[in-house]
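Look for chain A in each of the two complexes below; its partner is chain B in the first and chain C in the second.
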Partner chain A sequence: MMALLRRHPALLPGLVFSAVLLLAPTFAERGTQNDLWNMAFFVVLAAAWNLLGGFAGQVSLGYSAFVGIGAYTTVLLAQAGWSPWLTLPVGAALAAAFSVVVGLPTFRLRGPYFTIATIGVGEAVRVIASGLDFTGGSSGLRMPAGTFDFTANYYAMVGLALGTLALVAWLQQNAFGLALEAIRQDIDGAEALGVNSTWVKLEAHAISSALVAVAGGLFATNFQYISPGSVFDFRLSLTIVLMPIVGGMGTLAGPVVGAMLFSYLQIKLLASPTLRDSYLFIYGGLLIVVMLFEPRGIMGLWERLWSRLPRRRTPAIAEARGAG
Partner chain B sequence: MPAESAPILAVSSVSKRFGGLLALDTVSFEVQPKEIFSVIGPNGAGKTTLFSCLVGAVHPTTGSVRFRGEELSGLRNDQIVTRGLVRTHQIVKPFRDMTVADNIRVGVLYGRLRLRGSKARERVDEVLGRTQLVHRAQAKAGVLSIGELKRLEIARALATGPEVLCLDEVMGGLNPAEIQQAMVLVRALRDSGLTILMIEHHVHAVAGLSDRLVVLNFGKKIAEGRPGEVLRDPAVVAAYLGDETKEEARA
Partner chain C sequence: MQKLAIVALNSLLAAGLYATMSYGLAVIYGVMRIINLAHAGLMMLAAYATWALNDRFGLDPFLSMLVVAPAFFLLGMALYATVIRWLPRSSAGPSMQSLLLLFGVWLVLQNLAYAIWGGDTQSILTPYTMESVQIFGGRFGIPQILVFVVSILSLVGLNLVLRRTFLGKAIRAVTQNRDAAMLSGVNAGQIAAVAFGIGTAFAAMAGSMLSTLYAFTPDFGRSFLLKAFCIIVLGGMESFTGVAVGALVLAFIENFASAYTSIPVSYQDAISFTLLVVVLVAAPGGLPGLWRLLDRRVVAR
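This part shows the complex of A and B:
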């Protein structure tokens, strides 16, 4: 057991994290459960985004589009009489299909041009949703009565968050994860070794957008009301990007740490009358601090401190670290 | 080398224009299986552009490249790699934040062989062994010496399981002992069944290794044949050392 924990240092905090989330309904009050629901929601968004943005280095600022597609699919189908649970795979499939439509032209762009294009896509989707009749225009849509069940929704969101992390951890270790890493470090070099970079990026985009859409569907059921201003908001896209960046891009734990921090910040900031309008200012400040002092985020900082802890080490390892 | 056997690589009338510069001008040649075939010429002659055209990293403006009888024009770099035609880069391009073993693993997993599981691990070990990088397997590529980086560049290409391996100045920047090692490696690769195309400036290596070679100058093929004849060709000597009458005319 100890050997296992030593070999996988993320295992223990991961188990504690999972246990707290899964057992919270048995001991925590409802307000805390709401906060944990929100954190789990952020974990899904951040960890799924990280697959494409962190591992493959394709920074998309349009992910609210996928939250919105999932949310609108759930509400529209529920209004047509569907069970909200059955709407989730439909939303995921629609988001994945849309991610391919968006990805085919935009993945030809490299570096900042891809990021800029995704801002345009996210905003275009919001404007379209605000203008169409069947989406309720800018006033949005309401879930039909009788679809609200917090505890079920809580377990679904927590299950989705843990499932997303397990999927990312698995992908990170197999061939797909290595291809994403190769694309991030040198896309031409990856292609020169046989990696079909467009296809790999499309796959990562589809997987992450499908996960985000399921979270969007659960969001709609939990809040019972959605509008372009809530699920297609650019500030949501921004938060999705900031969480992994602040937590540590391209790591498993980084998005979780970022999601914890941002869900806590959001609760504190929204509760404060003086700070609630200036939270983007605070997010911006946080981003600048991270970029200046530790581009690898909180996980990078943690690794640096951890490696400085005085403890017994074989000289070979110390030397390798010094050289690296 | 029987000349009548089917060429593994046939380059016909390949031209590449970058704006006003004609980097390659109707270059044609054929490479036989298991040949060591060199491409030489002064700096700026179009050698690296030729390699880029072969593997689809850039697309020729006109002309055709046929690999094992298949027309390659229009195919992407990764598609050509998975068919078995791979190049190394003169300016090495490792994934610097990855270990040496992982660098090689990318080619093993995604190249022509697409191995998985224990077969992939065996192949990574085999490539590490052939390129003498076993002791550096777990080092980050960013910390390697230039000699090791050149071997890693070969290792990455080799990992993909090529039938034709295009080596772009893998001996540049190496010391004489390392060049000797590299020559042994190139010969061993050919003996294991690969066809080698190489761009090389080292006359000793070119003369010692090549079965045949072509000489490019200003994007044009100016000579082709066996090293003994080609390296004594007055036109080739003039291209390398400068032709006094031509230099005066240009001035």
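This part shows the complex of A and C:
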């Protein structure tokens, strides 16, 4: 047991994290459960985005489009009489399909150009969604009555969050994860070594957008009301991007740390009227500080502090681990 | 025929403003190879500054540019000295780090506006806001025409500075080849600070002018940032005449699309965003790149 823990240092905190989330309905109050639901929602968004944005380094600022597609699919199909659960895979499939449509042209772009193009795509989707009839325009849509079940939704969201993390952890050790890492470090080098970068990016984009769309569907069921202003909002894209960046891009734990920090911030900010409007200041300030001092986020800071600690390992190994 | 003339004139008037808001972005990109996402926040802040001057002192928005633009020039220099210059320099293209850093600056500026002025929609009303003149049988608002005139004046001014002064020549030299410019004795760090100031001042002028045409909130500026970016990509990122051409092209496409097709006006923004993606993907070298593309197929990068 100890040997296993030593080999996988993330296992113990991961198990504690999962246990707390899964057992919360038995001991926590409803308000706390709501906060945990929100955190799990953020974990899904951040961890899924991190697959493409962190591991492959393709920073997309248009992810609210996928939250919106998932949420609208759920509401529209539920209004047509579907069970909300059955709508989730449909939303995921639609989002994945849309991610390919968006990815095919935009993945030809590199670095900041890709990022700017994704702002354009996200904005175009929002503008069009606000103008269409079936989205309810800017006044939004309501879920049909009788679809609300918080406990089931809670378990679904927590399950989705843990499933997303498990999937990311598994992909990370896979050839697929290595390919993503190679693309981030040097896309030409990766291509030269036989990585089909466009295909790998499309896959990562499809997987992450499908996960985000499922979270969007659960969001719609939990809040019972959506509008282009809530699910296609630029601020949502912004939060999705900031969580993994502040936590630490391209790591498994980074998005979780970021999601915990941001859901905590959100609770604190919404609770106090003086801070309510200053969330942009805090988000922006965090972003500036992270980019200037530690582009690898909280996880990078943690590693830096960790490597300063005296230890028994030989320095060469510690060095190699720190770099890897 | 008359409709054609009116739409064309409308496009021309819009293009002047578009060029002003794009030049700031282009100067900064040229000298520092960074995409200034804070441009949107600076335009928004300038709109508020203009509104505050008008509200408090009754200063005309166009006259207040004489105060706002120099103030923002200093603000840009300060921003460079405190934040931007600590970025690691990337030789090749713009780095993700710089993009995200400036994104953070944008968010802070946005919050500043929320903190000072709140989230209500504001607009500037001058005695001539509702006035218009008749040209070719079409009505053109006085603010629209004034904006065009001021835009042209500011662009001529910038062009004179860039072509005639040592500073301008240094800016162009750094844009073309940073290392060679430094070898010739140009202090690239100083030039970058000045260029950031100029870029910010142009963002401020664009913001002041936008405030006479549109209502605004602290969230204002994002769609104009995307348009400006679309224009400098169209113009080939570095060429200063390219920016003017890009502004004309975007303005004509937008105006003609809403005048001659059934695309509703509310989708006008979606046109430029889509165009941005299309141009980035299909012609990464912009219009100058397209000329070269006629000769040989350039591999997209």
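One rule holds in what follows: the second predicted complex is superposed on the first by the 314 of 324 C-alpha atoms of A that agree within 3 Å, B and C clash if a C-alpha of one lies under 4 Å from a C-alpha of the other, contacts with A are read in each partner's own complex, and residues count from 1 in each chain.
Here is the rule we use: a residue touches a chain if its C-beta (ideal position, glycine included) is under 8 Å from a C-beta of that chain, and two chains touch if they have at least 3 such contacts.
Just so you know, these numbers come straight off a predicted model, no measurement behind them.
**Q** One more residue to check, A:L265. First (chain B), second (chain C), both or neither?
**A** neither
**Q** Touch test for A:I288: chain B only (first), chain C only (second), both, or neither?
**A** Once the two structures are laid over each other on A, A:I288 reaches chain C alone.
**Q** Return first, second, both or neither, reflecting whether A:G120 touches chain B, chain C, both chains, or no partner chain.
**A** Second partner only.
**Q** May I ask you to name which of chain B and chain C touches more residues of chain A?
**A** Comparing chain B with chain C, the partner touching more chain A residues is C.
**Q** Touching A:L193 in the superposition: chain B (first), chain C (second), both, neither?
**A** first
**Q** Based on the superposed arrangement, let me know which partner A:L301 touches: chain B (first), chain C (second), both, or neither?
**A** Neither chain B nor chain C is touched by A:L301.
**Q** A:E181 contacts which: chain B (first), chain C (second), both, neither?
**A** After superposing on A, A:E181 lies in contact with chain B but is clear of chain C.
**Q** Touching A:R108, do we find chain B (first), chain C (second), both, or neither?
**A** In the superposed model, A:R108 contacts chain C only, not chain B.
**Q** Overlap the chain B and chain C contact sets on chain A and report the shared residues.
**A** Common to the two interfaces on chain A: nothing.
**Q** Which residues, counting only chain B, touch chain A once they are in their complex?
**A** Interface residues on the chain B side: 55, 57, 76-79, 81-82, 86-87, 89, 93-98, 102, 105-107, 109-112, 114, 116, 138-140, 143, 156-157, 159-160.
**Q** Help me check something: in the complex, which residues belonging to chain A touch chain B?
**A** So the residues of chain A in touch with chain B come to 175, 178-179, 181-182, 185-186, 188-197, 320, 323-324.
**Q** For chain A, which residues are in contact with chain C within the complex?
**A** Touching chain C: residues 57, 59, 105-106, 108-113, 115-117, 119-121, 123-124, 127-128, 130-131, 234, 238, 245, 277-281, 283-288, 291-292, 295 of chain A.
**Q** Which positions of chain C touch chain A when the two form their complex?
**A** 35, 83, 86-87, 93-101, 103-112, 114-115, 118-119, 222-223, 226, 229-230, 264, 266-267, 269-270, 273-274, 276-278, 280-281, 284, 300-301
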